[in-house]
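Each of the next two complexes has chain A plus one more chain, namely chain B in the first and chain C in the second.
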Partner chain A sequence: MDLKKLLTPFTAWGNITKDPVTIKDPFNERPGADRYRGFHKNDIDQCIGCGTCEVICENEAIDLVPVSDSKDGDSGLRPMIDYGRCCWCALCVDICTTNSLSLSNEYTWVSTDPEDFRFVPGVDKKDWDNNEKGWKKPDNYEFYSLKRVHMDELSPEERSDSFIEMMKGYSKEQAQQEADRCVQCGICTATCPAHMGIPEYIKAIRNDDLEEGLRILYDTNPLPEICGRICTHKCETVCSMGHKGDPISIRWLKRYIADQNPSEKYKEILEVENLQPKGKKVAIIGSGPSGLSAAHYLALMGYEVKIFEKLEAAGGMMRYGIPEYRLPYDQIDKDIDYILSLGVEIQYNVTIGKDITLDQLGKDYDAVFSGTGLHLGRSTGIPGSDNKHVYASPDLLRWIVEGKEFEVPESVVVIGGGNVAMDITRSMARLQMVKYGKVQVIATALETEENLPADLEEVVEGREEACIINAGWAPVEIEIKDGVPTGLHVVKCNSLFDSEGRFNPQTDPNVKEFWPGTMIIESIGQGMDLSYISEEFKTKLEFGPRGRVQTDEYFQTGVEWFFMGGDIIEGPDVIHGIANGHKAAVGIDIMLNPEKN
Partner chain B sequence: MQKGINNLIEKFGASDLEVRRPGLSFITVENTKAVAAITHLKDIDGYTILSLITAVDWIEDGIMQLTYLLNNPEEIAEIGLRVMLERKEEAGESMETIHHLWPNAKKWQQELKEMFGIDFPTSPGLNDPFILEGWDAAPPYRRDFDTNKYAEETFFPRPGRETHDPAEHMKKNMYPNNPSDYTNKKYNPNR
Partner chain C sequence: MAKSKLFTMNEDRSLYPELDVNGKPIVDLTSHKYVKIWQGPQHPGVTGNMSLELTISGDEIVESKTHVGYLHRAFEKLLERRLFVQCMPTSIRLCVAEPDTNEYVISNAIEELGNIEVPEMAQWLRMLSLEMARLQVLLRQVPGQAGTFALGLGYQWGSYIRDLILDSFEELTGGRVYHMYIIPGGVRGLLPDGFKARLLEKLKLIDEFIPKIDKLIFNNVVFESRARGLAYIPKEWVDEYGIYGPASRGSGVSRDVRKTNPYLKYDQLDFEPFVTTEGDVYARTEVRRADLIMTVDLIRQILDKMPEKGDIKAETPNVLHWKIPKGETYSKCESSRGEYGMYFVTDGSAMPRRVNLKGPSYTHANALLDKLLINANIADTAAIMVSLATCPPEIER
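Take a look at the complex of A and B:
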C-alpha cells in the first residue's frame, strides 16, 4: 500500500478553516452579473407593438398579444414571451425599434405552474421590473442604419431663380439602401389616410420588382407620381424607425417606383386592358385628387365616367396650388393621362351651377361625385386688407400656373405659416430673383417657430432661398399710402390657444414690428365655394360645423345619388382626397348594385 | 510576457499581434505550427495553464477560427493564440489535438466537435455527447445552422399560443372596410 495514496484524501481537512470557494446556495442570493441576460423587461409606454422582436426571434418564443386599443403609431399589441422556448440571446432587445425592450439580470424564478413562464413583460408585473441591471442594447452598433438615404437636390443657388423640380429622385442603389432600413412592421399603413400597402411596396423595391410595386401603389392610390412628391406623408410621422433615427423616406420610395415605370407600360402592368363596361354613368365635379381617384376606381369597376372641370387643365389644387418646383406638370400629366386612358372623359371650362345645374347632372347620370376643393382665400380682415394690392394666395398661385401677368414687386409680405404660405413665399422669391436678382419676401406666422404648421423642410428650404420667415407675430394693420401698401404692422404673439384649447391668440402690443412690402399676400387658410349647389338643393343636405356637408362612411350625402369628398369634407390634403374618392367609388357601386352587395 | 510573444514571432512566424491590455495579447499562428507553438509556450515560456479553447465561425470569410487562451501564472499574463482553419461547407475542419499537453483539453475539444463540428483526431472521447444528448442535426454553433427551422421541426407549439400581425390587427380595429379590398375583388379578383 502506497502511504501517499492512503493519506491524500485527508489533505482536504487542511481546508477546513479556510473560506469556501463555493456559494451556500440556496440560502444566499446569487445575483447575475451586471449585464447578465435574464428575464425580459418592457417599457410598455415606449413600446409600439411593431413586432420586430417577434420576427427576429429564432426560437419563435414571442407572440404579439393585444393589451390596449390600436391607435396611430401603436398597434396596441405587446410581446408575450414563452420561456419554454426563449434562449436568452437578446436579439429581440438589440433589434427593438424603440429601445423599450431589455433583459433584467434576474434568472431565477420558481413556479409550479408551467403557464407562469409565458407572460407579457411590463404588463404582467414581475419582481425584476425595476431591476436596473441586465442587458440593454449597447450604443455602439445597430442592426439598421438610423440615417435615411439623402436625396440629391438642386442647391439654393441653382433653384432660386427657377421653377425646375428641386428634388432629383433616388437612384436604384439609393432606393434599395433606403428600403433596406424598413423593418416591415406596417404601423404606417393605419395612419396613411389611403391605407397604402407601404411595407409591401418597399419590399418590392428591395426585390427590384417595380412592376409589382406599381400594382401595390394603384391598389390604393392612382396618383403615385404626385403623392410621391408632395404627399403630407403622415405615414412617416409614425414610422417605427423614427423612434431612434430618421423615419423611412416612404414618400420618396413611392416616387421611385412611379418614376421607374414608363407610362406606356402602365396598362399592361396594372392588368386593366379588358375592363368590363357596366352600362352605368357617373358624373364627377372637379378634377382634383378626390375626383380623379373616384374616376379611376369607378372606371376599373366598369362605369362610364365624365369629369366636369371649371378650369382649362385637370388636377385642381395639385396643378393650380402647388408650385412646379415641387410638382412638375409632366408628372401630374403622367398620372392623369393614365386615368384618362381607362376611358374617363374630361370636359374642361364648364362650371356646374352655371353651364349645367347639379339637378340636371343628377338626371343625366346614375350618380354624381363632387370634389370641388377649397379655392377661396380667407382674409384676416385687418385694416387695409381690402386694398387691391392685398392678394389671396390661391389666386396668385393659380395665376403663376396660368402664366397670367401681374406686377412682381421688390418687397412682399406673406401672412401665414402653413405649406401654402411657404409655396407662395418661395414662388414670389423666385419671381423676384428673375426680375431683380434679389429676394425680399417676409412670411409672418402667428405660431411659434416650433409650432409652425408648414413642413420643416419647407421652412428650411425657404430660408435657404433667402426668404425671411418670422414666427410668433400677429398681423395688426396693413399700412396704405397713396392707395398702395407700404408694409404690415405686427405685434408679438405669445400664445394661440386658451386653457380650454380654443383659438384665442394672446398678443403683446408693446412688442411690435413693421415688415415693409408693397404687396401683401394673405395665406391663412382656404374656404369652399358651394355656390354651384342651389339653395333648394341645399335644403336636402345636412350641414355640420364650419358649413361642411355631412356625409356617411361612403361620402354619400342626404341625396342618394350625390356624393361629396376631398378637401370640402376632410383634409385638406391630397391623400385624404384620394382616400375619399376611392371610398366614394365603392359607395356608388354599392348604391347602384344593391342586389350584389 | 514579451519573451513569449517574441518567441512566437521569431520561432513560429506568428503575426497580427493585438495587445488588448497589459497582460492580455492575441496573436495568430499557422495551424501546422500551432501545437509546436503551444508546446513551447507551455514548456519554455511558463504558460502552464490552458484557460479555454473556443471557436468563431467567420462564415463570410470562409474561416473557422480557434482561439487557445493560455495563462502564465508567474507573470500573470495571458496569450490568446489564434489559428485560422479553412472553413468547410459541411463541417469537419480538422486540427491536431493538444490533450497530451493538458488532459482537460479533451473536454474543450469534445465541446468544439459537438457545437462547431471541428475534428481533433485521437482526442479521447471526442464523439461522446457533451451537452447535446441525442443531437442529430448540424452543429448548432455554426453560423449556417437555421435555429428557427430546427425549432419548428423539433418542438411542438405550446397549446393556446396565438399571435397577431400588427398591420392586420390595426386594420381590423381601425379601418375594417378598406376600399381596396372591395375594388380589387370587383375588378381583379385574382389579385
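Take a look at the complex of A and C:
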C-alpha cells in the first residue's frame, strides 16, 4: 500500500479553516439575472389581444380572456397565464406581435390560494409589474418576417403618360411569401366593415388552394378584383403585424386570389349553377358597390333583381371616380359580369325621379334598395370659385372615363389633399404629359404633411410623377383675369381643429403664396344628390346629421319596402358599400319572408 | 469472461452458478443459494429513474437485468404533435442533466431539412452553451464517481462550482437548468455585458479545483483500489456493444464527434480528446477528469476566438406555419456521455413525422451494464452505473 496515497486525501481537512461558500437561501435576497425568465408581465396599453401567445404555447398555459378595457384595433381579450402549466420557455414573449409581453426576473411567489397562480398579467396587478429586468425578446430576432413583400410596379417614367395599371400584382412565390407572415389573429376580420374571412383566405394562399380562397372572398365580398385594388384596407391599419413591422398586404393578396381565378370558372368554383327562383322582385337604384353587392346576394337567394343605372356603364364611383391606372375597366367588368351572369338585369341611362318615380318602383317591385352614392362636388365658396373654369373633381373624373373632350391646360391647381384630390391631380398630370410632355399640377391641402388625408403611397407616387403636393395651405382667392383663372392665392394654415376638436382652421395671413394655374379643380369632398326622392316621400323618411337618412341595422328606412346603403349612409368607401349591400340583402329577405324568421 | 489484470475473482467458484454455453449463469432460485434484490427505481441522483433486477450470491452479483419504463413520457410521440418551434420546450426535457445537446440536435435537424443557414455568431454561441453544459455535467460527474464509493466531499466542491456555471447560464439564457437557448435558426441572445470576464473568473476556480480533487480522489488509496480493475471494458467490446464517449476512450478507442465529424466551429478549435487503455472505472474517471480540463480550455478558446457581434438568428418562415419538405436526417453531436443523435423525419407538414433519439445510454444501461455487473460486488453497482453515465430519460424518450 502506498502510504502517500493513504495520507494525501486528508489534505482536504485544510478546508476547516475556510469560510463556507453556501448562500443562506431563502433568507438572502438573490435577484434573478437580467434575462431571467420569471413571472409574466404585460404592457396592457400595447397588447392588442392578438392571441399568438396562446397559439404558440405548447403547454396550453395561456388562455385569452375578455377584459373591460380595450381600444380600437384590439380583440378585447388579454392572455391569462396558468402557472400550473407554464414551463417558462418564453416563446410567448418572442412571438408577441406588439412586444407587450415580457417576463420579470422574479421567481419566488407564495400564495395559499391556488387560484392566484392563474392571472391576467397587466390587469391583475402584481409586485413585479414595474420590474424592468427579466426576459424580453432579443433584438434582431424574429419568428416571422416583418417586411412586406414588395409588389412590382411601373416606374414613374413608364406610367407618367399612360393610364395603364400601375401595380403589377403578386407572383405565386411573392403571394405565398407574404401570406406566410400572417399570424391569423383575426383582428382584421373584426375591423373590416364586411367582416371578410381574411385569415382564412390568406391560409388558402399558403395552401395554394385559390378556388377555396375565391369561395371565402365571395362569402362576404362580390367585388374582389375591385376591392383587391382600391379598398381603403382598414384591415391593414389594425393588422397585428403592423405594430412591429409592415402590416400584411391584405389588399394585394385578395387581388392575387381574384386575378388567378379565370372568370369562366367562377360559377363552377362558387357552386351557383342551380339557383332556385323565389318569384319575388327587387329593384336596385345605382350600380355602385352597395347596389351590386345587394344584387349579388339577393340573386343568390333567388330574387329577381333589376338594377337601374343613370349612366351608360355599371360601377358607379368605382368606374367614374377612380382613375384607370388604379383600377382598370376590364377588372371592374370581370366582377360586374359575374354578378350579371347570376341573372341580375341592368337598365342603363335611366334616372329615377325623372324616367320613373320611386313610388312607381315601390309598386312594381317587392322591395327597393338605393345606393346612389356621393356624386356632387363640394365647393370652397372662396372668391372666384364660381368661374366656369373652376371645376369639381367628380365631374372631371367622369369626363375622363366617358372620353369627353375638354381643354387640358398647361397649368392646373387642385384644392384638396384627399384620395380623390390625388386621383384628379395624377390624372391631370398624365393628360398634360401626353399633350405637352411636361407636368405642372399643384395640389394644395389644408392639412399638414403628416396629417394628409390621402394614403401615403398616393402622395409619394404623385410626387414621383412630378405632381407638386403642398401641404398646410388654405385657399383664399382664385385670381381671375379676363374671365380665366390665373392662379390661387393661399395662406399658411397652422392648425385645423380647435381645442374642442371642431373644424376651425387657424391661418397666418402674413405667410402668403400664389400657385399659378389656368384651371382650378376643387376636390374637398362630395355630397349626395337625393333629388330623385320626392318631397312627399321625404316626409316619410327620418333624416339625421349631415342630411343622412336614418336606417335600422338592415338599412331599412321608415318606408318598409325602401332600403338605402352605401356612401349616402356610411363610409364613404367601397367596402362599407359592399357590407351595407350585403346586410340590406339579408334585411330584404327577412322583410319578404317573415315566416322564415 | 473479460478481466483486467488487476481484477481478481474469488478463486473458489463452487459457491457460484455454472455458466451455460452462452455465458449466462444457470440460477436455481429454489436452491436458496441466491437472492433477488432490486436496485431502484427510486431516483438515486445522476443516474435517474431506472431499476436493476439483481441476483446475488453472497455479496457478488451473478445476474443483472435492467428495467426501464418508470418515466412514462413518450416525448418522441409528443413531438409528432408539435409545430417545429414548439418541439423545443419538450425536447430539452429529453435529457435533464444536459438539455443543450437536445436543443442543438433538434434545431440542427430542423435547419438541415428546412434549408436554413445559421449565422456565424450563433454557431459560436451554440458551441459555448454546449461546452458550458458539458462543464456543469463533468463538475458533478468526476467527483461524483468518488461519491459512489461514499467519498462525497469532492461532489460538494464540484456542485459549488457547478452552481456558479449555472449562474452563468442564467445570465446568458435566462434559465438555470432548462436553457431554451438554441432555437431553430440561431440562438436567443448575445453575450450579456461583462459575461466573458465573469465566466473566465469562474474558470480559474476549476483550475484550482483540479489539483484538489487530484489529492482527494486520484491520489486516494481507497478510490484507487476499488476503482482499478472494476467493470473492465475490453477494447473489442467498444464496437460490439456500441460504446461511446468517455467509456470508449477509457478502453483505448478514440470516439468523439467533435473530431470525427466536426460540427459548428469545432474545426477551428485546438483540442485532442484524452484516451487511455485501462478500460476500468478508474480509467473512465481519468478520461472525464481530462475532459473537464479540456472543456475549460475549449471555453477559453471559444471566448477568445468568437466574434464580438453578429446576427444571432437566421430568418425563418413564420414559425406558426413553417412547413418543412419531405425528408429525413440524422443530426448528432458529442454530449458528455458520448455521441448524441437524433433521427428526424419530415413529411411536408408543419410537424415532424418521426423523431428518434439515439443517446449512448440505451446500450450502456441495457446490454453493457447487464454484462459488466456479473461478478461485481453489490457495493460497486452504483459506481459502475455512474461510470457509464446512464441517463434513463434518454432511454425512455
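The criterion applied here is as follows: the second predicted complex is superposed on the first by the 576 of 597 C-alpha atoms of A that agree within 3 Å, B and C clash if a C-alpha of one lies under 4 Å from a C-alpha of the other, contacts with A are read in each partner's own complex, and residues count from 1 in each chain.
Following the convention adopted for this analysis, a contact is a pair of C-beta atoms (placed from the backbone, for glycine too) under 8 Å apart; a residue touches a chain by one contact, two chains touch by 3 or more.
Note that the structure is predicted; figures quoted are calculated from it, not measured.
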* Please tell me, clash or fit, for chain B and chain C sharing chain A in the overlay. => clash
* Touching A:37, do we find chain B (first), chain C (second), both, or neither? -> second
* **Which of chain B and chain C A:82 touches, first, second, both or neither** => first
* Which partner does A:516 contact after superposing on A: first (chain B), second (chain C), both, neither? -> neither
* Could you say whether A:245 touches chain B, chain C, both of them, or neither, answering first, second, both or neither? => neither
* A:59 contacts which: chain B (first), chain C (second), both, neither? -> both
* With the two structures laid over each other on chain A, which partner does A:183 touch: chain B (first), chain C (second), both, or neither? -> second
* To do: Of the listed stretches 164-172, 182-190, 254-262 or 308-316, mark the one in chain C with C-alpha atoms clashing against chain B.
  => 254-262
* To do: Enumerate the residues of chain A that count as touching chain B in its complex and touching chain C in the other.
  => 58-59, 87
* Which residues of chain A touch chain C in the complex? -> 1-2, 4-6, 8-9, 11-12, 21-22, 32-37, 52, 55-56, 58-59, 87-91, 94-95, 103, 135, 138, 140-145, 180-184, 203, 206
* Using the touch rule from the top, collect the residues of chain A that touch chain B in their complex. => 49-51, 54, 58-60, 62-66, 69-71, 75-77, 82, 84-85, 87, 118, 185-187, 189-190, 195, 199, 215, 219-220, 271-272, 275, 297, 300-302, 553, 579, 582-583, 585-586, 589
* Asked: Touching chain A in the complex: which residues of chain C?
  -> 82-83, 85-86, 88-90, 151, 153, 160, 167, 170-175, 178, 180, 186, 188-190, 192, 212, 215-217, 219-222, 224, 311-313, 315-321
* For chain B, which residues are in contact with chain A within the complex? -> 147-148, 151-152, 155, 157-158, 161-171, 173-175, 177-180, 182-184, 186-188, 191
